[in-house]
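The following pair of complexes shares a single chain, subunit A, combined with subunit B in the former and subunit C in the latter.
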Partner chain A sequence: MTPFFPHDPVPKNNVMHTGSALLTNDVGLHARPSVKLTQLAKRFGAHVEFSLAKNGPWVDAKSPVKVMRFKAAKGETLHFRASGSDATEALAAIVALVERGFATDGDGSSQTPQV
Partner chain B sequence: MEKHFAGRPAAPGIALGALFTFSTGRSTRAASGAVESEAEALRSALNAAVTDLKDLIARSTGDAVAILEFQVALLQDEVLAEPAFSAIAAGSAADHAWLAAMQQEIAGYEASDDEYFRARAADLYDLRDRVLAHLTGSTIEAIVPPGAIVAAVDLAPSRFLAIDWSRGGALVLTAGSATSHVGMLARSRGIPAVMGLGVDLAELSGQALVDAHRGVLIVNPSPATRAQFDRDAKAAASTRTLAAAAAMRPGVTADGTPIRIMLNIADPRELADLDPTICDGIGLVRTEFLFHDRQRLPDEEQQYAVYQRIAEWAQGRPVTIRTLDAGGDKPIPGLTPTGESNPFLGVRGLRLSLARPDVFRTQLRALLRAATHGNVKIMLPMVTQPRELVAARGMLDAEVAALAEAGIAARRVSLGIMIEVPAAAIAADQFDAEFFSIGSNDLTQYVAAAGRDVAAVVDLADPTQPAMLRLYRYVVDTARARDIEVSLCGDAGGDPRAIPRLLATGMRALSMAPALVGGAKLAIAAVDLRAISESELWPS
Partner chain C sequence: MANVGIVIVSHSPKIAEGAADMVRQMVGDSVPLAWTGGNPEGGLGTDVASIIEAIGRAWSDAGVAVLVDLGGAETNTEMAIDMLESGRREKVVVCEAPVVEGAVMAATEASGGATLDAVRRTAEELSPT
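Presenting the complex of A and B:
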């Protein structure tokens, strides 16, 4: 049977990996963290999705427009799921980014300045 | 039924054509009607907006960079414009589709409980307007049919320049003033323009005839009116042919006296199709164009690049660049003072530059550096007292020294002044300037206490009335005694009716809009200075 969506970016037979992290930023997942998160996700070939609940709804974690639409606030848990060859690496990197408060690797601070 | 509308002449000439109306607000772009070209218009506007933002990022620091990077990230996310492209596919015009899509995205932010996210709506408004500006600006050329009578409330200079005027046409504005930037550009390009029509744009449609000598727009002209137009147009065309031929010859009077002919330039784009051999140099480069239509003041590199281009165009001929003449009828947001009861008598021209040394120094540095690429001269506007010239020269010399110390290529250029404030004209001998240029437009308004854009008093603002000729003569004599150059760069300089009297004052250099050069040279060739008597100069 021809698939309804022939170029579905999510490979159906792939194993789905998941991860989550608590959002500790004072202002939540705002402009600069959203950009950092999506830029990081884009570095991986894996399809990465993002949600505020364990069961979705899921959105593309590489889209800053969609990530910003969630307006995630401090104290919420961010859920991620990924599939593809480097899915586990992608999840580990993204979870680490959220857990260190979106600080850039090695800049030492746990909070990025507000934009 | 023929309908007449009266306005103010802003650029001479006559034209007949179809009215093309567009207002300057948003969602006024005429749709092409084709899905693919609308989609392409939106794609290129999005790309252009990204380029803008990256350019801004390169020139910004700190938090500004983070904000701009956020905006770029949103723009480069296909999700943002997806609903707009869907709407275009369903038949929407690009600008409507983009506005609707952004409105929905913005509403999402504005509805947020979180103050931080609500504040981000401003970024989306910014993006919306930036893309929209490209959408409306970049496609104007494609929209306006060549030869059209363009009707608008007012028109931004960049839009005027984006229109294809190569097949003629005319400009009619329901608001606008003859002294505005767009009026200057119309005169420069030789496009007939009438302003201040004071009618509703909705009344302007169909065929129309513009008589910009009289300042009249005639909608639906009768056959008799058209027949008269054809006769006028034929006469004008033969005059133009003569003028075009005359433009290529040097400016010389009937008795063989050479007259230097210089150009007034309000935007470097005017030089694109011009042959520098028609002139002896550029007598006035207005630099206000650099400060309009942009969100921040131009930096040194941007100014340097533009001045360099103009200097190189002139191929060694002198290029007189006037420092920023903002204020008066040329306000610049964030720079010129607001709330002045009479801006013409307020902080404008050099007064503003001395009050904002940061802005002035940047311009001086750019000019000094550009002077290594040609024969650049610097001219100060609105000088009133000698101490202002002394202060400006002090700053110029300081920048010369600073550039030399930094090892940056620059050249000390001659520093002259505009004579446009009566105080400077009357006491011209007190100014230790390296050249004078008479700004007859402002000087006349100030001497006659009559605005050129006030129809009821415009006759009083005659730049060749005896009081003006007396002042010109004094300034010319003073310059000659001091052995410095003097020219005149007001509209009178390119007006064939004014030229005989200007030459009678002893003036031997005139600066004018490029389109007027041919006509001016014809007028000069008809003048025999041996036959001009004192009585002609001072009519009783």
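Presenting the complex of A and C:
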């Protein structure tokens, strides 16, 4: 399904932006990182998906249950793709979250509890 | 509009409190949250009056999603919802979902500003179909 953004002209809507980030935190995409990823994706209007491979299969980054079910370990690369008016901002924020090991932005702690 | 609230109802106060701890640690403080468990005598069970109070503590005008464990937790929660005033009653739903996982998933959805219906659907995605 193609998401419809009424505030966005259709041609721009079809542009798919991509990005990727290496999982560096010890637990990979486990419970707490999954929640953080979902919460961050939900702050943007863009449709955001991710995968362990460049060509999918793609998982909706805004679905708490689908993200929680997704298994990815330290050392694997997460590939992201996004479309919508704030797609580039969404990708930048999400890639940054993964790259800093899911540490909360600005709380000064680099140690994410291992859940 | 405020985020949907989450209420956890278990026969065991330890389970209810522990599940609420997980929600707070994993999801954060942006979602109204309350828990209740045990009967007034201090044993395992659930209590209608305590459930009504918990719904009040987690109240949000966007609605409240309740996670329950077994049997009486569900029937007592339904009774508690029936006893709420009109105007509130319609904004409280019981999620057919496992209590711990359901609470965390529902709260994650709620923290993004989702509607009560979306919150319930996310929690219920966990149940086998």
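Some points to look at:
Rule of thumb we're sticking to: the second predicted complex is superposed on the first by the 102 of 115 C-alpha atoms of A that agree within 3 Å, B and C clash if a C-alpha of one lies under 4 Å from a C-alpha of the other, contacts with A are read in each partner's own complex, and residues count from 1 in each chain.
The criterion applied here is as follows: a residue touches a chain if its C-beta (ideal position, glycine included) is under 8 Å from a C-beta of that chain, and two chains touch if they have at least 3 such contacts.
Model, not experiment: these values are computed from the prediction.
Of the two partners subunit B and subunit C, it is B that touches the larger number of subunit A residues.
Look at A:A53: by the touch rule set out above, it reaches neither subunit B nor subunit C.
When the two structures are aligned on the shared chain, A:M16 is found in touch with neither subunit B nor subunit C.
Once the two complexes are overlaid on the shared chain, A:A73 sits against subunit B while remaining clear of subunit C. In the superposition on chain A, contact of A:V65 is made with both subunit B and subunit C. With both structures placed on the common chain, the touch criterion links A:G28 to subunit B but leaves subunit C unconnected.
Once the two complexes are laid over each other on the shared chain, residue contacts for A:K42 go to subunit C alone; subunit B is not touched. Of the residues of subunit A, those at positions 31-32, 35, 38-39, 63-66, 68, 113, 115 touch subunit B in one of the two structures and subunit C in the other.
Residue ranges on subunit C touching subunit A, taken from their complex, read 25-28, 104-105, 108-109, 111-114, 122, 125-126.
Across the complex, subunit B meets subunit A through its residues 63, 66-67, 69-70, 73-74, 77-80, 105, 108, 112, 114, 116-117, 120, 123. Residues 27-28, 30-32, 34-35, 38-39, 60, 63-66, 68-69, 71, 73, 113-115 of subunit A are the ones that touch subunit B when the two sit in their complex. Interface residues of subunit A, counted against subunit C in their complex, comprise 31-32, 35, 38-39, 42-43, 62-66, 68, 113, 115.
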